[in-house]
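In what follows, chain A forms one complex with chain B and a second complex with chain C.
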Partner chain A sequence: MRRLGLAALAALAVVALALYPLEGTGYGVRVMLQLFMWIALAQSWNLISGLTGYVSFGHVAFYGMGAYSTAIVIVRLGWPWLPAALLGGAMAMVLALVIGWPCLRLKGPYFAIAMLGLNEVLRVAASYFEGLTGGGLGLSLPTLHASVPIYYAMGLTAAGVTLLTYVILTSRFGLRLMTIREDEVAAEAMGIDTHRYKLYAFLLSAVAPGIVGGLSARDQGYIEPISVFPLLMTITMIVMVLFGGKGTIWGPVLGAVLLFTFQELVWARFIYLHQLLFGAIIVTVVLLMPRGILGVLQQKYNLPRTI
Partner chain B sequence: MTIKPWRLPATLAVAAVLCGALPALAQTPIKIGASLSLTGTYAKLGSYQKEGYELCAEDLNKKGGLLGRKVEFAVYDDQSTPATGVRLYEKLITEDKVDAVMGPYSSPITEAVANVTEKYKKVMVSPLAATTSIFKKGRKYIFMVISPAEVYLEGLIDTAAKRGLKTVAIINEDTLFTKSAAIGTAELARKQGMQVVFQEAYPKGHTDFSALLTKIKAVNPDVIAAATYFDDAVAITRQMKELNVNPKMLGVTVGGDLPEFYDLLKQNAEYIYGATQWEGALPYPGQREFLEGYKRKFNREPVYHSASGYAGCLIYAEGVKRAGTLDADKVREQLLKLEIKTAFGEYKVDQDGFQTAHKMVILQWQDGKKVTVWPDELASGKARFPTPAWNQR
Partner chain C sequence: MNPFITPVMLGQVIISGLLAGSLYAMVALGLGLIFGVMRVLNIAHGPLLMLGAYVTFWLFSTVGLNPYLSLLVSMPLLYLLGMLLQRFLVRRVVDAPELSSLLLTFGVSIALVNVAQLAFTSDLRAVEYLTGSFVLGPFAFSKSRVIACAIAIAITVSAFLFLQKTRLGKAIRAVSQSREVAQVCGINVGRIHMIAFGLASALAAAGGSLVAVMVAIQPEMGQVYTFKSFLVIVLGGAGNYPGALLGGLLLGLIEQVSSLFLTTQVNEAVAYILLVLVLLVRPTGLLGGRAS
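Let's turn to the complex of A and B:
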């Protein structure tokens, strides 16, 4: 009965979100579109870092990779935006394969630093290969007003990663990943090919950032190296997941919704206070509830792992 | 009838609000929206622009407002990111329903938000976007105020060519504005018959220029043109002294015009050429009024970002006055044919809203003061040429 109620509630939310662009203002659609983007990003970071414990400090690299791949095929080859964004996802996955293969053998802080470096390298590369990327001039996409279709694409991507997380968490694959997180040596001793499974998780966590990177590039109409590889974006993803509850299904969604809404409501009025509060949230979460909101609720009310 | 105790104050409050609102309703102010970078990378420059807007509104209101209505600015912070800027212009236009918009700070953000303002057919005068491509994409409602990046160093090249100098080395920070400036400078040099013997970019935030300067020293150019922001301009000058790289002329784009440039470099700033969109000392109409008003309101000297913001807003207001309405298409028509001189200099645009009349000026540091040396009609002194050795400055 409770399950049925939840399902009905979820269906209602989906219908409401699907119909929203008919009613909402241009601003409302943009806000929701960016909220979807953050959900997809936070959820993707959760896939690798929340599940396996491998902290990726450069996840925005996949976002930037997607943004550039998409923008390049749109500008140079005249592709329509949807296949272009999907290509962005694929390219991000290719990048994840190339980087993850060697780097996932690194442990702890070394992996985090390697990922941080990857982001910097890509930004410099985007500046350097001018012929392709426009270098410091950036890439200016032809004008197109497609906020509403992009809204749906973004929403589907966010829903897609969330569903993917559910599937993984309830599968043997998910169990293996969590074993790696808890004790990698023990996992290996039990016969789990840890490197292979980490790589799978890493590949899956790169797709959605690639796609949303592409969609954002198309929506904004202009990208430059600095604006698509910002470290701050990775940090925001991490904070959202930690705040909502890492390693859970709904934690990243909750974290993204709460923090993004908070940001949207507060920053316009108290621009300096807002940065201060953001910092305060990071410190509070790390000190008082390292497992995030859902983690705390899980413990207190004995909720199932697959929440 | 008994009045419940809470009702009385409530009724009074409603009455007070109504009384206050009634005269205002007859004359609702014209609300102009903008998002500016008040935090993040461009925080300082964005705030200067905001001051320009505020002063403009104040001056307009002193003279009876616009179309008989008061002018008010609604400004949000875009955190120096294009994505936030886009969202904010959507908010200003679709939720706050502002009567007009003005441009944000910087080229990248303008490039992104112009898609929104075009979609809703809002005229946007953009006082601080200097990149040509923004205005050459077939957009209809966007107007440029400052000179494009490409001509920033026109005066340096022009002066050099007239002195018979032959070779130039060009370096730039690798971002939209500085890169466009470097490309434009190279083109101008070639047009003047000079030879570009060296051209290279360095990444944003670069601090060690010794490798770059050593390479330049090897080709020994007559002129070094550097498309810079502030920090790199200072570092390049310092390291040129250390490595004793001594061209006959050294010019920088942004940074060389700021008083801090001299404060940090002292006598090493002497003889260096800077480029600027505007100087307080230039004889433009309304200049004195602007300088005095600014000093009174903000208690310091303005920089060109404030002047350009101020002038951009006045230009928009002039367009509205001539059109006699806020209607975007009619205002656009007026702004396209408007020719006006403000405290910021000349304004005239082509059919794309691209600025064609505004003049850059080149200045040189002489005995701790900025002296305008180009163009001739605005010059306040003669350029000191050639540059002596580093130990003789």
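Let's turn to the complex of A and C:
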């Protein structure tokens, strides 16, 4: 019965969100579009780090890769934005393969440091290959008023990656990933090819940031190396997931909605205290609720793992 | 890009590399100390260095204190701040997975930068104290760098002697080898953690005070030192204290030598590419450290 109620609620939310651009203001649509972006980003970080425990501390690299791939094919080859953004997702996946194959062998903090380093390498590469990327001046995309179609594309990406998380979490593949998280040596002893499954999770977690990066590059119309590879963005994804509950299906969504709303409502009024407040939020979340809202609820009320 | 590389130029960059490297080694020793003792990667290490630089700047511009003497103020101040950070925040994530400590120290890091922006504004500040260079044959060395190098070496050597010879230093090394055994031997691990964090912050502060004379001081100056320190401890082997020294010198050398061949922009990436390569080929560092 409860399940039916939840499903009805979810369906209602989807319909409301789908109809929103008909009524909403341009500003409102842009805000929702960004919320979708954060949901997709948080959810994809959750796929690799929430499930396997490997901390991708440079996840924004895939976002930047998608943004650049998309912008380049739009500007240089005149592609339409939708296939361009999908290409962004594919390129992010290729990057994940190249990075993940060697780096996923690294354990603990070393993987985190490697991801951090790779993000910096990409940022420098983006400003170095001027012929392709426009260097530090960035790339300006031709003007296009497509906020509403991009809103739907972004929403679908967010929904898609949430669905993917559900499918993975309820599958044997998900169980294997969580076994790796709990005890990698034991997982290997049970016959799980840990490196292969980690790599699959990593590849899947790169697609959505790539697409989202492409979509927001198209939406903003201008990208440059510093704006698409910020460490702060990785941290924001992580804090959203942690706040909502990592390793859960709805945790990242909840965390993204709450933190993003807070950001829109509160931070805008304290521009000068922005970082200080965010720092305080991070410290509070890490110290007081490392399991996140859903993690705590799960434990307290014995909720199913697939929440 | 320079096709005309003469032996003199090479000699010059090697010396500059070693001068810069000694500073990296000192700063990274602090990061390595925290990592070795409690397996925490302190992202706030660079911002602590920035605070050290501001201490020097304010003492210099308000009371005209010699920037090198201001080390005697900045190091104890940051030692205290480090102890407090450890006591109230970092202590709680020492045994948590690495994600918690990375995030926590990142939170502290952006909060410190923001506080510095509010308190000191984002204006570029400079301590104009020692300018000009020593000239020796065909080589020229900027005075401030030579003095910074000498002081950094002195501080690093004292830190080593402290770790090697004193009872407290031995206790710190014991905790970094095995916390449980150290505890069984009657070492107060909590206290050692606080001291280690304090010392590390003092080393960062020393780095800040020394670079204050050479570079522009601004709230975001620290981050790059965090990354460089990561690289140094990865190069030298995490938890291996002499390794940090070697790693620092090596980083200085590589940066300077590659600057002969590469543009500044790419040169920035050399360090990171190296970081990733070393992690992949030899994750325990050049001198061997402890894998996680």
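Operating definition for what follows: the second predicted complex is superposed on the first by the 303 of 307 C-alpha atoms of A that agree within 3 Å, B and C clash if a C-alpha of one lies under 4 Å from a C-alpha of the other, contacts with A are read in each partner's own complex, and residues count from 1 in each chain.
FYI, a contact is a pair of C-beta atoms (placed from the backbone, for glycine too) under 8 Å apart; a residue touches a chain by one contact, two chains touch by 3 or more.
Everything quoted here is computed from the prediction, not taken from an experiment.
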Partner chain(s) touched by A:Ser127 [first = chain B, second = chain C, both, neither]: both
Which of chain B and chain C A:Pro149 touches, first, second, both or neither: neither
Contacts of A:Gln275 with chain B and chain C, given as first, second, both or neither: both
Residues of chain A touched, compared between chain B and chain C (which is higher): C
Which of chain B and chain C A:Gly160 touches, first, second, both or neither: neither
Which of chain B and chain C A:Leu106 touches, first, second, both or neither: second
First, second, both or neither for A:Ile226, with chain B first and chain C second: first
Which superposed partner A:Arg30 touches (first chain B, second chain C, both, neither): first
Common interface positions of chain A, toward chain B and toward chain C: 124, 127, 272, 275
Residues of chain A touching chain B in the complex: 25-31, 34, 124, 127, 135-138, 140, 142-143, 145, 216, 219-222, 224, 226-227, 230, 267-268, 271-272, 275
Of all residues in chain A, those that touch chain C in their complex: 49, 53, 55, 57, 102-103, 105-110, 112-114, 116-118, 120-121, 124-125, 127-128, 232, 235, 238-239, 242, 272-276, 278-283, 285-287, 290
Residues of chain B touching chain A in the complex: 38-39, 76-77, 79, 81-83, 86-88, 90-91, 93-95, 108, 111-112, 115-116, 118-120, 133, 137-139, 173-176, 178-180, 201, 203-204
Complex interface listing, chain C residues touching chain A: 35, 39, 41, 89, 92-93, 96-100, 102-104, 106-115, 117-118, 227, 230-231, 234, 263, 265-266, 268-269, 272-273, 275-276, 279-280, 283, 291-292
